[in-house]
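I have a structure here, written as structure tokens, and I will follow up with some questions on it.
Lettered A, B, C and D in written order, each chain numbered from 1.
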Amino acid sequence: MSTPFIEVKNLSKHFPIKGGFFSRQIASVKAVSDVSLKIQKGETLGLVGESGCGKSTLGRCIIRLIDVSAGQILLEGKDITQTKGEELRALRRKMQIIFQDPYSSLNPRMTVGKIIEEPLIIHKIGNSANDRRNRVKELIETVGLRKESIDRYPHEFSGGQRQRIGIARSLAVEPELIVCDEPVSALDVSIQAQVINLLMDLQQKLGLTYLFIAHDLKVVEHISNRVAVMYLGKVVELADADELYKNPRHPYTQALLSAIPVPKVGGHKMKRIILQGDVPSPVNPPSGCYFNPRCPIMSDECKTTDPILKNLGSNHEARCLKV
Amino acid sequence: MSTGTTATVEQNQVSSAGVSLWSDAYRRFKKNKLGVVCFFIICGYVAIALLTWLGLLGADFSVNGPDSYAAPSSSHWFGTDIFGRDVFARGLHGTRIALSIGLATSFIAIPIGVTLGAIAGYFGGLVDDFIVWFYNVVESIPDILKIIALGYAMGRGISTVYISIGLTTWVSLCKLIRTEFMKHKRRDYVQSAMAIGASHKRRMFLHILPNVFHIILVNLSVRFITAIKMEVVLSYLGLGVEPGQPSWGIMIDDAKLEMARGVWWGLTCASIFMFFLILAFTLFNDALREALDPKLRNK
Amino acid sequence: MLAYVARRLLYLIPVIFGVTILTFVLFNVVGGDPVYQKMGKHGSEAEIKILRHELGLDRPLPEQYLFYLKQCVTFNFGRSWATNQNITDMLTAGIGPSMSLSIPAFFITIVLSILLSILIVFFRNGLMDKLLQVFCIAGTCISVLVYVILGQYFFAYKWGMFPISGYDSGWDSRWQFLALPMIIWVAVSIGYEVLLYRSAILEEVFQDYVRTARAKGLTEKVVLLKHVLKNSLTPIITSIMMEVPLLITGALVLEAFFGIPGLGGMIYQAVANSDFPVIKAMTFIGSVLFVLANLASDLLVSLVDPRVEFN
Amino acid sequence: MSSVVEVKNLVTSFKTQEGTFNAVDNVSFKVDAGKTLGIVGESGCGKSVTSLSIMGLIPMPPGKIESGEILFKGQNLLKLSQNEMRKIRGNKIGMIFQEPMTSLNPVFTIGNQIEEAIKLHQKELSSKQVREKAIDMLKLVGIPSPEKRIDDYPHQLSGGMRQRVMIAIALSCSPDLLIADEPTTALDVTIQAQILDLIKKLQRELNTAMILITHDLGVVAETCDDVAVMYAGKIVEYGTADQIFNRPLHPYTKGLLNSVPHFETGKRKTRLETIPGIVPSLANLPQGCRFFDRCTQSIEQCKVRQPELEKLEHNVACYNPVKQK
């Protein structure tokens, strides 16, 4: 097994909550707690979970948009957790991100050409303005837009087209890893399919590695090789996409899969497991296994011991005492 | 390999060049008749200010005439003041002083407000706490008293008015810019600028500032209104421009004695000049804010 | 709740401390030579030296500042240069007239403005809306001094409905003197306030919960007076509280013009006689009031808006 | 059994800078008691405008109901005066909105907001009875310890809980028709399952007719009896859920169904069949069929005239419907 392109070891991120006298810290949001992951080169790792489970925070920690509270991030074996300044900027070329909201991820006052050209300027790619402009035009066509879009402004495009511009911008620095933070959640169904196809084509053509973050398991299952399911800051299950769908072991994953409405009338459908109650607050999570208050197969021991991510063979792992 | 099959069909693509937010705002502003009319009224005032400054208009404003307090007549539309000087000419020159105050105070207050607000909003932490403490202190002292203190320091005169109003009225803009920078700092387009390795400087001035610039523009036009009205109160307090100057503040201040003697034209002339300039600025400002509001784009 | 108030009061100390520093710098350091201001140009060399010593201006600056700080803390601001009166006594004498002018005028303006703004929003897009808006905007385009001069000329001088100026400290006889200034105060500020509250209320009218309220079958009146109004109280209260410090100094022009011996009038006199200690005292009190007003507005807002917690 | 609500040739227009457009263009459908009609379509297809037209909540200006009839239990709502309409809104017709975070008034307790609807339409109840009814409603929608939570403010509840309060308000006067405009779009999938399950249970108990508006095909398939597919202001296909999902006739419906990734079908990592292009803007609609630009099986006739809904196995507006295998 070659060294993984990205390896995350025991990564935690707690956001301090200020209050009390002279706004010192009185509590903290435990967004990500002790997560370890590996992403192989050219693979798509899906990261799925409901709002507040910390999947976006984890994604942004990995590409160093947010500093981690604890743990390590290894890029091709090298520890980049504390890199700073110029070295960090050089690293930025390798890892890029695309965002969920097409309307706030592009600077409304810059033309599409300028938006895509900026990374080239920052990393001094292309030896002349003209050369850069050609590269930008090439990128625009790669993502399926017309060359003439170069002089237009973001507000003149639809949601789907703006996501393509965001993708072109991230491709400008020829990255190896792209963190896709809910890239299609804000799009209509027909546009979603176009962007998903585009991402898959680009991966094939450019050998990209994706960390694909979403709350819609249908989309994650379709595009990922392996899928990690997160709940309240912890990875509760990790498996190949097919294995996870055919043989979900963690009760939360089972409930998640069964809750997804399928556009089919009649015919075979999964028995629906409806979880009661709401996701507990990440400020003071429940003791023991975080899922115990809502878990259908909970028993007393779940309240006290916090299970570890157990390896169940054929690299399928789950964090549950009952598994 | 072009994913041609998913090439998009872009309708209404008339011109190839894009319509920037600024040109879209300009298009929306042009539709607002009232705003355009007021813009031209303001241009009229600016023309008067320039012409009087060059001496081509109302040059005889300081020439003492034979009959003092002459009632309005064909030769003196607004009559004459105590020294027989033509009141209308002095009113015209008042425009120069009013607009110069508005402009000068903006040149002082806006840079201070924007830089402090940007730094506090963008960097947060201790810097933010210090700047917030500082502008809370400055804001707590009523403006009038700050201007009085500065008035003493620099003695009476138009430069004192410029500096004292300028140094005391930057706090509101600083607060606005600070909240905007704090909001925009977290927006995805700034996060992605960070992701492609853009430096703090680039993120602040190339990304966030252009997106909050419309607030500065609107604040600029509001500043003229407050500065003009403040000048009148300062003249009353004896802290405005030098007594001889033809400012509306002095004219209105003098009127408090004239009214008892039935001399109404001094006050009327200055008030009418002021009324239409402030009215024009107020309506122009509303139209500007609506046109520049990013939320109301291509409505 | 009390912990929150205590914490906010603690936070005020550095701000007020900052105010004393800024006031000291403005007046003692930047503010020109007070002796020259007091003596005028023709004072002889010796006289100036004596006076400087008398006023303690020859001592090093930090020492002067500590002296001023002590004055502020003990609320004993020493003697006025112009009248040699004890400043603290002057202040307590001035509070009465100032308050009896500004507090009633202030509340009349607020009540009238809120009523008018609700009326405008209820009939929005109608003729009434346009007319009232034009009237308010026009009102804001006239300088306060013009209001005062015309008010005094017509109501007092020409039609004699009110005394031209003066004041009687008798508890019931003062109102005839204060009536005209009050009317002028309301006329000056009502235009600005109505427009401010109108935009605050309009901001709420397009929120989602208003659509839910309508979906319940409520009449437009109930939707506006119950649902929208309570939500727009927060911005309205904040803007009212910003006006409170002006209660004292804001009445400056009115008090000076109508000869009312309030705090505003005192400042006007102090400015005329460059009476530094009085102005410094007023600056300190004005800013303390401003800071307390901020705290009061936050507390009031928390009563209206349950989302404001006291963490 | 006459239908609870029947909409006939409804046309609702909006005045904008570029002129007046019909956001809803000649739409007709009906819903029987206890039945659920799903209106599905992408953003801007006019589905929300249709629901607001029924409730009479279209802001005029800029909106205006040009023509058509909305028969509610035989009575044309468009002919009613404002006062008569207010007696029906919230009483006979309840509505749930998409954004639970902003749809409740933040400065009033949830109890106050539920009691308000009850007091308005059931004046005969005493204030004690009104409060009891409010607590019963909260229990009915599954909010734990309702006696305590009734005095909570909206910001103290989670998204799922707030949506339950919205349902409690909408159903507090046991209406004959419930309109749900994207009720679960803003919720997580496990909470969505709870809310949909709750709505179905209450509908059975109260035998209410329901119109469910959503862009999520899965939600429609699992909750609705009949389905109307809307595109650019018109209904392009209308039939039972079985007909629409298993034997779609309109190319747009077929395209939508193929765009949704199914993980059961094992076709992972393969390209999804997509509908090219984007929805035409109402500013310049094509002369013929509005789906013409994006349709892969359009024929000459489609360019010239707009197809009307006609009855094949079920209603479809297309000159060259999808051939059944």
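To be clear about the criterion, contacts are C-beta pairs under 8 Å (C-beta built on N, C-alpha and C of every residue); 3 or more make two chains touch, one makes a residue touch a chain.
Please read these numbers as outputs of a predicted model, since none were measured by experiment.
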Kindly work out which chain lies most centrally, taking the average of its C-alpha atoms as its position. B
Comparison of A-B and C-D by number of C-beta pairs in contact, larger one: A-B
CA centre of chain B versus CA centre of chain D: separation in Å? 49
Taking each chain's centre as the mean of its CA atoms, chain A sits from chain C at a distance in Å of 54
Could you tell me which residues belong to chain D and also touch two or more other chains? 274, 276, 278
At which residue positions does chain C touch at least two other chains? none
Would you pick out the residues of chain A that each touch at least 2 other chains? 158, 160-161, 194, 197, 201
Can you list the chain D residues touching chain A in their complex? 42-43, 144, 158, 160-161, 188-194, 196-197, 215-223, 241-242, 244-246, 255-264, 266, 268-269, 271-276, 278-279
Seen from chain B, its contact residues with chain A in the complex are 1-4, 6-8, 10, 13, 16-21, 24, 187-189, 191-198, 202, 207, 210-211, 294, 297-298
Which stretch or stretches of chain B touch chain C in the complex? 133-134, 136-142, 144-146, 148-150, 152-153, 155, 229, 232-233, 236-239, 252-253, 255-256, 259-260, 267, 271, 274-276, 278-279, 282-283
Residue set of chain C touching chain B in the complex reads 14-16, 18-19, 21-23, 26-27, 30-32, 37, 137-138, 140-146, 149-150, 152-153, 157, 245-246, 249, 252-253, 256-257, 267-268, 271-272, 274, 279, 282-283, 286-288, 290-291
Footprint of chain D on chain A - complex, ascending: 50-51, 158, 160-161, 188-194, 196-197, 200-201, 215-219, 221-223, 225, 241-242, 245, 255-256, 258-266, 268, 272, 274-279
